[in-house]
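Worksheet: one structure, shown below.
In order of appearance the chains are A, B, C and D, and numbering begins at 1 in each one.
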Amino acid sequence: MHRVAMRGALVVVAAATLTLAACGSKSADGGSSNANAGGGGTTQTTETGSAGGGAAGSAAGGGDSSAASGGGSAAASGGGTASGGATAIKPVEQISPEGAKVEQKSASNAANPAGDGKAKCSGVNIGMAGALTGANAALGINILNGAKVAIDEHNKANPDCQVQIKQFDTEGDPQKATQVAPSIVNDKTVVGLLGPAFSGETKATEPIFSQAGLLSLTASATNPDLTKQGWKNFFRGLGNDNSQGGAIANYMTKELGYKKICVVQDDSDYGVGLAKVVTETLGDAADSSCAAKVKTGDKDFSATVNQIKGASPDAVYYAGYYAEAAPFVSQLRGADVKATFVSADGTNDPQFVKQAGNAASGAILTCPCGPAPADFAKKYQDLNKIAPGVYSVDAYDLTTIMLKGIDSGITDRAKLIDYVKSYEGQGLAKDYKWDDTGELAVANPWVYKVG
Amino acid sequence: MTYDREMREEGLDSNAPGLTGDDDEANSGPAPSGYGQIPDEPVDVDVTAVDPSLADPEHVAEVVAPQREIRTAEGAPLMRMEHVTMKFGGLVALDDVSFDIKRGEILGLIGPNGAGKTTCFNTMTGVYRPTEGQVVFDGRVLGKLKRNEITRAGIARTFQNIRLFNEMTALENVAVGTDARHKTSVPGALFRTTRHRDEERDAIDRGMALLEFVGIGERATEKAKNLPYGDQRRLEIARALATEPKLLCLDEPAAGFNPAEKSALMDLIRKIRDDGYTVLLIEHDMRLVMGVTDRIVVLEFGRMIAEGLPDEIRDNEQVIAAYLGVPDDESA
Amino acid sequence: MSFLALSSGPLLSNDVISFDIANLGRSFFQSTLDGLEWGAIYALVAVGYTLVYGVLRLINFAHSEVFMAGMFGQYAALMALGFTPNGNAYNEGPVMTILYLGIAMLAGMAVSCVVAVSLERVAYRPLRKRSAPPLVFLITAIGASFVLQEFVHFVLPNLTGQTLGGVNAQQPIKLVNREELFSVGDGSVSNLTLILVLSALVLTGITDIIVNRTKFGRGIRAVAQDPTTATLMGVSRERVIMLTFAIGGILAGAAALLYTLKIPNGIIFNGGFILGIKAFSAAVLGGIGNLRGALLGGLILGVAENWGQYIFGNNWKDVIAFALLVLVLMFRPTGILGEKLGRARA
Amino acid sequence: MSTPAAASGKPQARADQPKPAGGKEKIAIGDRFRLWWNSLSRPTQWAVGVPFIILLALLPVVRPPGISTVGTDFGGVMAQFGMIALIAIGLNVVVGQTGLLDLGYVGFYAVGAYTVGLLTSPDSPWNQTGDGGWLSAKWAWLAVLPIAVAITAISGLILGTPTLRLRGDYLAIVTLGFGEIVRLLADNLDTLTRGGQGLSQVAYPRLGESDTAMNGVFAAGYSNGGNINNGVWWFWLSLLLIVLVLLGVGNLERSRVGRSWVAIREDEDAAEIMGVPTFRFKLWAFVIGAGIGGLSGALYAGQVQFVVPTNFNVINSMLFLCAVVLGGQGNKLGVILGAFIVVYLPNYFLGRTEFLWWNINGNAIADYKYLFFGLALIVLMIFRPQGLIPVRQKLMTYGRQIWLAARGKRTKFDDNPAGSDKPGSTAAAEVSR
């Protein structure tokens, strides 16, 4: 008898839940449909990527990232009032390494992958290596999709030069990447590589590409060490962690006038490296008594929050990804810590705003990546059915550069390296010109603000 | 219940409740087979092909008991229970029990259900440490010895509910027993030292002889779990003998046997004794006990109520009362 | 602890592991209160491990995924009630908030319960029928854990139009804001502290009463002590096992709601894994198979790891929990209160 | 194994045994193979086994189209397979043979990798390859290899001594905790290990240096222009180590040690009562398993030249366990097959757009691997817990003698009575001898 009763109760509860869920998915649709559309990012396992591994979704910061659009009204009660309006990440300005504002140029002179439409080529392709599956896939997909926009424009305009983009999935795992790299090298139609995406896998595979003389143009690996290895084929299409960290540190002390800053880092390559640069550049402004380390995957920061609360700083700098930054900033605000929350490209993601809600507002985020112009965003959306994410624009620019090289008649790997080495021109995101080591000659990060 | 708990904490009760289903104490048959097993084809071993001399029972008997002391010091006490008391919590399972086991004899330990036979047995084989009193074996007090050391000191046992190494062949099961006398370990095995090779040879030679001795030599390469029930019991005895014990303890070896098997078992037990071993026998079946033992100790409610020759025990009124007090058809 | 010994070794200087006992002194009450909140959650999850272990001698490794399912269950219910996830706190007034929380908790319990019972049915029962050895159960549990996690990771988003599951944490729905009620020393006792700790006490209390005082409970205790006799006495073993999983699931569902109140950003496919291991540690700490031990172990583990993180830093929290587990198992494998389900003390 | 008959001088009669005629043709292939294999002398067994291994070694050189991988380099996949196979062999000693469930085996893998990393990476404060170090750059990896194995074995001893007295399921959880602690320590002790930044430029064997391969054949960039790249060389190295380890583990298995392990697995208390010092042999199993795990970790560090804590997640422990359980616990060849499946299948689907006649999204399939492995574990445990190739262990050094003796009467069985004797399994089990 008990058994029957219990079963009955179970069934009733389960049915009720299902019913609720079914109705609910409809009523809550508006606010939640893009909960995951922006793509993911790192969750628990950050692998070894140093480049904003978690960064994903729209960095454009434009109105399209309707992250927390509208206060949801509790339909059941009718009287529910949720605080919070439309908050989003909006670009503020581009800053120099000294933290000063840099005037932007108009993007109208940006290189166009379409070219003059008369290019002729055959059997020449571009490779793309990065995480396309696994926990870090979002970043790789942002890059791949950005590149696809450029390829699409190029191929439509140049019927006699159809270039393909060949995808190679590394899962962001160094060992996996060393398995994939020989396949890329052995594909003789690949004259240039967009990637690898993460710093860890770049470290592991670049000897292979270097040996093979294959151009490796990364849109996201930002570990400063990478350009110090003497690889002649490696070029970084954006500022490294040093430039980003140094600039924001100076920006905080000089432009914003902060005197006391707590630097908190996660345990990723990216977070550790970034925190080091920021702490060094901040000098005395970095308060070592409230510097803290957290772990990727942590959701509870009570000890760190308490420590920071005791120090009452002007700002908290977080070097890490949004998955931890969101609960961290929520808990800071929950404990009445009013200090400005400052972070970098790992946090520069709509998910950050979605998950932190109002607690995110006022947060200052940097990114070596530029905001996506509206017409690029539209093309991207049309082609890929989702909004552009972090590094999509940069991937587009870098692919464009390689395509221009191919259009100029280059069919072998060595010549493409030379072409990129001497390249100079404007892109959608920034100006591209590399120094001898493969770093951008000028790499000014962007400052964004959540508001 | 208390017994059950103690057993479990000792980790002795392999069929602890839960995972293995409903077969706890009730099922004393062979371990449940059939879980995830690939049936193996029966293979008969030509024993004489392994070693022609195994055709000679005299030779077999000699190999089986290499250090047998037939008729030497016969009658001298091998094991003494000295005022052994065993308590579990508040429950007294053994109360001031004292008796001897003499060299070269077959001693029967009997008593109605719950009389403390198993506790007594476990105390003698070193599974439990007595609360009071002591067990002296061959001049040594079984106090701080580990269980594997007790085996090497010369006490071997079988289990009431057969506990063979199911996935191992009969010969390998026996070889585990012979290993109790072997010295080489990982380095020797890794580098195949001479001593290791000698010991491995000994494992095979004695193992085959033991199997032949208990009568299952042909089944040497069969997995233990695939042996018929009776052969499993025999294998357990062979495995215990392989450790070269001075005292062999048999825990209800005839459980589940039919009369013909029982009589064969009696022959085997006598043969073991004649080969120079001392045997302790715990048994329910009075006929078997009366038929094979030289001396009998009777327990009831943890106390020793009688000790003597089979005929004396048969006529002992206390014993009759104890057995009649419990309607136990096996005592008939 | 083991890593303390490391720090005094000659090869490692203090900057390898820096610790600051004074920091704990400064925040003693706060860290204790934080620890109690965690302890409440650990305790509720630990009950599930303890009950199943007590009855089946099985570490239900997939129990962490039962908990995870509960998080998604209560979240789905809140969405069904019309709450739009936006990361901000709602203010519904006390009565409605309690009502919504109650519904969410029931939903979480229901989902966890269903997952736990189906797990038993689909994965464990066939094994029991075949009298499989314990290792096989454990490996199955690991497989089930994989399947449940990856289901939420990959399959659920496709089934729910990318609303639930996926690689990111769910956007939080906050019904309760942490508000200080009164302060004790340096610590502030908030509404959440009370909700968490009281819920854990009440729920484990109710479970304790069910197990120790009711007919159902007698069945559980009987099977835990001696399945054969219990069966002979007319207790249906299968039903008791199902009931055990159900109770464990229900408490895990409750814990899921409490967890999301404390950590609104924690609703993610792999969010139960580490918490599950810690809850198991708590169960072992208190004495596995012992209900009150689970509560005690949970609270002790929560407090210990919080004290630890105030001393050594946030990144040492998990190390402390695992080291505690290893130490307890090494030196007192039966836990603080000893084992055995239903051998009630009191 | 010298010819046992000659050594003992006893079983000479074997050859003269009358053999019932007529049955021979009807024995199942698997049996016939096993009988044939057992009747070969040791040198002949080698003569058959070695070409098989060479064939395996040539697989990534030939790269047969249907077998080779598309999205990743087949040589690299085989190298990873080699490492996981070593791990599976080591874990098999612990889980399969001794029956101790170790969920933190990845911890030993990490200890091995970090030992090499800490001693040879320029990033490490304990680097011994630079000025003042006692390792020459050329031989650093090979010199550190035994050190890594030894240190890992010692870590197994340290973990095992207090924990191996625990019950089986407790042991599983303690080892899980240990695995996590190792990873967290690697992460937190950042002055030593650089935490999440990892240790890069780890040493590797500098062999075969030439003008075309400046850093030798094991260097990351090496390729001979064709199919032979550094991945293939690492695979060959692992294959060599696998054979050596198999010989060692085989020697142990067919001895008192293996018998004790299996006895402990079957019934620990009965084993103890039969005089097996169970604790000591469990510890041996742990130490040997750990050492093999460390060996694999050292290979990993050398191949990737970069160690970082995230590669040593607990989930990898589960994957290793998958390999062992899938292949067949206790069966050395089986677990190697399990390792192959675990490594090869996800990689096989990676980047593939069609499979047989279907169009598929190979990346998605590769993405779902944990889902599939989880399902495989559940289904396997219910229907075939012994794994794909069930164990058929040989626990006697001179067991062949008995097999030969059994053979005479065996031919009496006209048909294979069980019919379940998988030809593959016997073949596999025998090759491992």
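Definition applied: a residue touches a chain if its C-beta (ideal position, glycine included) is under 8 Å from a C-beta of that chain, and two chains touch if they have at least 3 such contacts.
By chain, UniProt protein names: C, D = Branched-chain amino acid ABC transporter permease.
In this text the structure is predicted, and so the values were computed from the model without any measurement.
A.B. asks: Count the smallest number of chain-to-chain hops linking chain A with chain B, moving only between touching chains.
C.D. replies: Tracing touching chains, the least step count from chain A to chain B comes to 2.
A.B. asks: Of the chain pairs B-D and A-D, which one is connected by the greater count of C-beta contacts?
C.D. replies: Looking at contacts between chains, B-D has the larger number.
A.B. asks: Would you kindly say which chain has the C-alpha centre located farthest from the C-alpha centre of chain B?
C.D. replies: Comparing chain centres, A lies farthest from chain B.
A.B. asks: Please report how many Å separate the Cα centroid of chain B from that of chain C, as a whole number.
C.D. replies: 47
A.B. asks: Averaging over Cα atoms per chain, report the distance between chain A and chain D in Å.
C.D. replies: Each chain reduced to its C-alpha mean, chain A and chain D end up 39 Å apart.
A.B. asks: Taking each chain's centre as the mean of its CA atoms, how far is chain A from chain C in angstrom?
C.D. replies: 34
A.B. asks: Could you tell me which residues belong to chain D and also touch two or more other chains?
C.D. replies: 167, 184, 187-188, 367, 385
A.B. asks: Give me the residues of chain C that touch two or more other chains.
C.D. replies: Residues 57-58, 130, 132, 134, 136, 315, 318.
A.B. asks: Among the residues of chain B, which are close enough to touch at least two other chains?
C.D. replies: 35-36
A.B. asks: What residues on chain A touch chain C, complex-wise?
C.D. replies: 2-3, 6, 10, 13-14, 16-17, 20-25, 27-37, 40-41, 43-44, 68, 70-77, 79-84, 135, 137-138, 267, 292-295, 297-304, 306-307, 310, 323, 326-327, 330, 334, 351, 353-360
A.B. asks: Which chain C residues qualify as touching chain D in the complex?
C.D. replies: Within the complex, chain C touches chain D at residues 3, 12, 15-17, 57-59, 122-123, 126-127, 130, 132, 134-136, 138-140, 142-147, 149-151, 154-155, 277, 280-281, 284, 315-316, 318-319, 322-323, 325-326, 329-330, 333.
A.B. asks: Give every residue of chain A touching chain D within the complex, in rising order.
C.D. replies: 45-48, 132-134, 137, 167-169, 173-176, 178-183, 185-186, 200, 203-205, 207-212, 225, 266-273, 293, 295-296
A.B. asks: In the complex of these two chains, what residues of chain D are touching chain C?
C.D. replies: 95, 99, 101, 103, 162-163, 166-170, 172-174, 176-178, 180-181, 184-185, 187-189, 191-192, 318, 321, 325, 367-368, 370-371, 373-378, 381-382, 385
A.B. asks: If you look only at chain C, which of its residues touch chain A in the complex?
C.D. replies: Within the complex, chain C contacts chain A at residues 23, 26-27, 30-31, 34, 38, 73, 76-77, 79-92, 96, 100, 106-107, 109-111, 113-114, 117, 157, 160-163, 166-172, 174, 177-178, 216, 236, 239, 243, 246, 262-266, 268, 270-271, 274, 306, 309-310, 313-315, 317-318.
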